[in-house]
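In the two complexes below, subunit A is the common chain; its partner is subunit B in one and subunit C in the other.
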Partner chain A sequence: MIDVLNAIVAFLNFVFIPAAAYGSQLALGALGVTLIYGILRFSNFAHGDTMSFGTMVVILFTWAFQSWGISLGPLPVALLALPLGIVITALMVLASDKVVYSYYRRVKAKPIVLVMASIGVMFVLNGVVRLIIGPSDQRFADGERFIINAREFKEWSGLAEGLALKTTQGITVVTAAIVVAILFWFLNRTRTGKSMRAYSDNEDLALLSGINPERVVMITWIIVAALATIAGTLYGLDKVFKPFTYFQLLLPIFAAAIVGGLGSPLGAIAGGFVIAFSEVMVTYAWKKVVTYLVPENLEPSGLLQLLSTDYKFAVSFAILVIVLLFRPTGLFRGKSV
Partner chain B sequence: MKKLLLASAATALVASAASAESHMSEVKFGILLGFTGPIESLTPMMADSAELALSEVNESGNFLEGVTLSAVRGDTTCVDASAATAAAEQLVSEGAIAIMGAACSGASTAVLANVAMPNGVPMISPSSTSPALSTVEDNDLFFRTAPSDARQGEVLAQVLMDKGVESVAVTYTNNDYGKGFSDAFAASYEGMGGSITANVPHEDDKGDYSAEVGSLASAGGDALVVLGYADSGGKGVIQSALDTGAFDTFVMGDGMYADSLVADLGSSMVGSYGTVPWSEGEGADAFAEITSAAGINGESSFTRESYDAMALLAMAAMAGGEATSEAIAANIMDVANAPGEKILPGELGKALEILADGGDVDYVGATGVELVGPGEAAGSYREYEITEDGYETVQFR
Partner chain C sequence: MSDAYGDRGNKDRSITKESKASMQPGPQHGEAHPAPGGPFLIGDTMTGGYGSGPDILHECTIAVDEGEIAVIVGPNGAGKSTAMKALFGMLDVRAGHVRLAGQDITELTPQDRVKQGMGFVPQTQNIFTSMTVEENLEMGAFIRTDDIRPTMEQVYDLFPILKEKRYQAAGELSGGQRQQVAVGRALMTRPKVLMLDEPTAGVSPIVMDELFDRIIEVARTGLPVLMVEQNARQALEIADKGYVLVQGRNAHTGTGKELLADPEVRQSFLGG
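Presenting the complex of A and B:
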């Protein structure tokens, strides 16, 4: 019985909790990508760097707050800086829309042209963030570090395995749930949300029924900026902020959005968790968990690892290819790519 | 009046030096480093330090009768083997009888095989640490004042054994340094009877190392050996391992030695330990003195090794009694190691005098030179442990 508990704790500690936190971060990122795809009809490659820009703004405000001695007790101060970060990031994406994308919308450019333009925006943002905050990693987490501390859990439970739950992991999952709930309420219940969905489903019909396209576009960008800033800040709090890692996040985020079905918000969330759990589970060495569960003489001698951790990104790619081959519209029937 | 005297004395000196040059023979040593490329920020200081050794020899006036030493520089580019070979050929055709270089391991390997061995020219590298250079065929022409990474692997394994740690998990940064270091460590450690439960590479600059740590934790072990960089992946792995409670004790290689590591991770690092190459004592102090007097940056990486390499070349020529490639190659080990009078930086003139009188020298230099095996620095390593007050030296190995 103790062995089974140990196995469960080891699984929770090394697989479930990290994957759930990572999955929430991916889901929020993928939601942003999928909204842009559904409403503006292009794949926004600048999304990773929008996240990094938003996080940078939050970090700068966090440092300011910290220097003024503001504290949220056990919670990180970054949560307080988040709304300010969202506002500035929203202004930034609206400006980039005005300067870059609105022209291509007016001339009715093909989606691929918009994608290329977004790559340009990506490089510009990339440079701006590095110029302002530098290319190295920044720490800005404060407050209580753990909800459950591994060492204390061991002493309390008497088990051989420790269980750690970081405050940032808890905040990530809770915040993601709240944000997703608000987003769905907004899309399904409010007039503006409904007009966005109408615009996404059929642009011409939406225009005929008097929906103002510029307003829909503006609101979409604001929501995307909010999602990107929240996702980026949660990722930065939980892991580390470094501009380059946000650029690398683009692949799993797109994989999540496509696996779930581009344009489908529900799909983006499911996709985020599918990608996160498969990345972690395929590269996890199951030896420890299995050793607890099987009788003593059947202990595995190898590590029971399907793929070395170097191939983590390959897992996202493989899932992406499989989904595109067998179900191009994704799990939740989004738009085909 | 004083100024006038000084000025005229200086003029006389320059004049005599200029006239001396015409009837004194000049011997050239090559300085072959990656002046362009990935370590271009280090090589100018390395070359300056090597030239400092030559000017010290010339100023002493104790080198072979009527011979002055001069340096010619060549650029290996560090990454391009054919460019390194061409640069070395150029040096040899200009008359260099020995080479101080190359800096990068790849360049050293290429120059050794393509230029040094065919021409019988000895070379001393100040900074090539690849274990592969220990076993490469060299006709006794290749030496280095930098220790091989294989040596540190051995030292680190010995530290673990002395502490009675017999089972560890290993993670290394996924490049030539990390891989070579990890292979050397694994070979030594397993040779001493230790067991390695898992050997997992990690990429630098990732945001998240929970997958790597998950695998390492599953494999288990008494400690986690981290052979990476303190400001990058190595720190990320340690942070993640601490968070999940996977490991409490970390054993670290030289890349992990940084004050920022202890400052960032704080008291959870107490009890962890590791090794780092370290030169200390009177040799290092003497070197700092002469470099600051000469206005050279002697604190930069591998400047000490560069000075020592050039000093060894000059002394070996003196010991052989002639400025030829053969004499140098044959005498490097003799002047570098005991027995003999200990020689510190700044005492090259004294060393040359002793050698001229037929005596023996044991060059200590800035790095405590002791050439072992196929002519490479034994290297001295500092074994440290992290305490509440930061890094604390346990002993030197």
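Presenting the complex of A and C:
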């Protein structure tokens, strides 16, 4: 019995909690991608670097606040810097829309042209971020490190396995839940949100109804900037900020959005968790959990790790290919926001 | 390959979302001028075509007065829908005028015409399929800032089935119900004139009869209705005014009954 409990705790500690936090981060990122896809009708390759830009701004403000001696007690100061980061990132994406994308909308370029343009924006942002903050790792988490400490948990429960819940993981899941709730309320209950869904559904009819496309596009960019900054900051708090990692995050984020069904916000969230849990579960060494569950003589000799963590991106892609083969529109049949 | 904005690689739906947008507004972007007199809505001797293409309409006149149903019929390719699009500002009208309620609106954009009181129901893709029936109606009233509840109740009175299905996605409804949503959406702006582009396209004969009944009901409230119809006979039966177009020109004009009785019209368009 104790062994089963130990196995569950080990599973929660090494698989469930990290995957839930990572899944929330991916879901927020995928929501941004799916909104752009639904309304501007192209896949925004610059999304990873928008996240990195937003996080960089948050980090810079966090450092400023820290140097002024501002503290949020157990919570990281980055949460205080987040709104400022969102505002600046929103201004940056609106500027990039003005300078780059609005032209292609005016000449009614095919969406594929916008995709290519977004790759250009991606490279530019990539460079800008590295110029400003440098290419190396930046840590900016402060405050309390753990909500549940592994050692205290062991003493409290008397189990051999410890359960750790980092503050950043808790914040990630809670923030993601709040953001998603607000986003869905906005899209389904407010006039502006509904007009965004209407525009995504049927451009012609939206025009006939007097919906202004440029306004819809502007609001979409602002929301996407907010989602990207929040997702990036949460990822940076939970792990570490490094521009190149954020660029690579594009892969699981796109996999999540496509697996869920591009254009479907619900799908983006589901996709985020599907990708995160598969990545963590496939690359986790199950030896510890299995050892608790099987009789002693059946104890595995290997690590029971399906793939080394170096291959985690391969997992996203494998899932992506499988879903596209068997359900090309994604789990949630994405077509429109 | 030389076309920089061509279609290469554009069919991959995992990267881009296809746009079904087909409406190309005409070049108009001016203001309305007062032009009193004449019928409530009239496209007066309109000549024009799409973009820089050849003229499709030739001195074509379409008018509708208050409380009337006007119907545009004619053979395939006669320019029926084009005439309606010209009235709605989606055509380069090179000669002639469009007047609505004592205003010359020839130079207005389609959106401004909606604000002036034109309700337009396109032939296809005339509903927001992923949104509920009620949301469709709400979006129809997007430009309004006052209370839309009474208008919505009126629409539900007119189309009771929509009230029943108000929280269902419009895309899940049957063809006839979808058309009701489409008409309801257009009515939500409280238009001064309702323009329907083939409202009965692709619905069964029974549903078609019902739709016609509803359209008559709408017209009885005093709202002028202008529609393009494939089913010429049924349409002319309910029409106060009929326009038979042939190759972008007015071929025959008269009341619905006159046209139905006209031997030439009967022979050429109504199958004897």
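Structural remarks
Everything that follows uses one rule, which is that the second predicted complex is superposed on the first by the 335 of 337 C-alpha atoms of A that agree within 3 Å, B and C clash if a C-alpha of one lies under 4 Å from a C-alpha of the other, contacts with A are read in each partner's own complex, and residues count from 1 in each chain.
Everything below uses one rule, namely that a contact is a pair of C-beta atoms (placed from the backbone, for glycine too) under 8 Å apart; a residue touches a chain by one contact, two chains touch by 3 or more.
Keep in mind that this is a model prediction, so the values were computed, not measured.
Looking at the shared chain after the overlay, A:138 reaches neither subunit B nor subunit C.
Once the two complexes are overlaid on the shared chain, A:242 sits against subunit B while remaining clear of subunit C. Touch criterion not met for A:66: it reaches neither subunit B nor subunit C.
In the superposed model, A:308 makes contact with subunit B only, not with subunit C.
Legend: residue contacts after superposition of the two complexes on their common chain; A:157 is shown touching neither subunit B nor subunit C.
When both complexes are overlaid on chain A, the residue A:191 reaches subunit C alone and has no touch with subunit B. According to the touch criterion, subunit A has no shared surface contacted by subunit B in one complex and subunit C in the other. Every residue of subunit B that touches subunit A in the complex is listed here, in rising order: 174, 198, 200-203, 205-208, 210-215, 217-220, 231, 236, 243-246, 264. Across the complex, subunit A is touched by residues 4-10, 12-23, 110-111, 114-115, 120, 122, 125-131, 135, 138-140, 142-143, 185, 189 of subunit C. For subunit A in complex with subunit C, the residues that touch the partner chain are 37-38, 41-43, 107-115, 191, 194-195, 197-198, 200-211, 258, 262-263, 324, 328, 335-337.
Residue ranges of subunit A in contact with subunit B, taken from their complex: 10, 13-15, 18, 22, 136, 139, 146, 149-151, 153-154, 162-164, 166, 235, 239-240, 242, 244-245, 248-249, 279-280, 283-289, 303-305, 308-310, 312.
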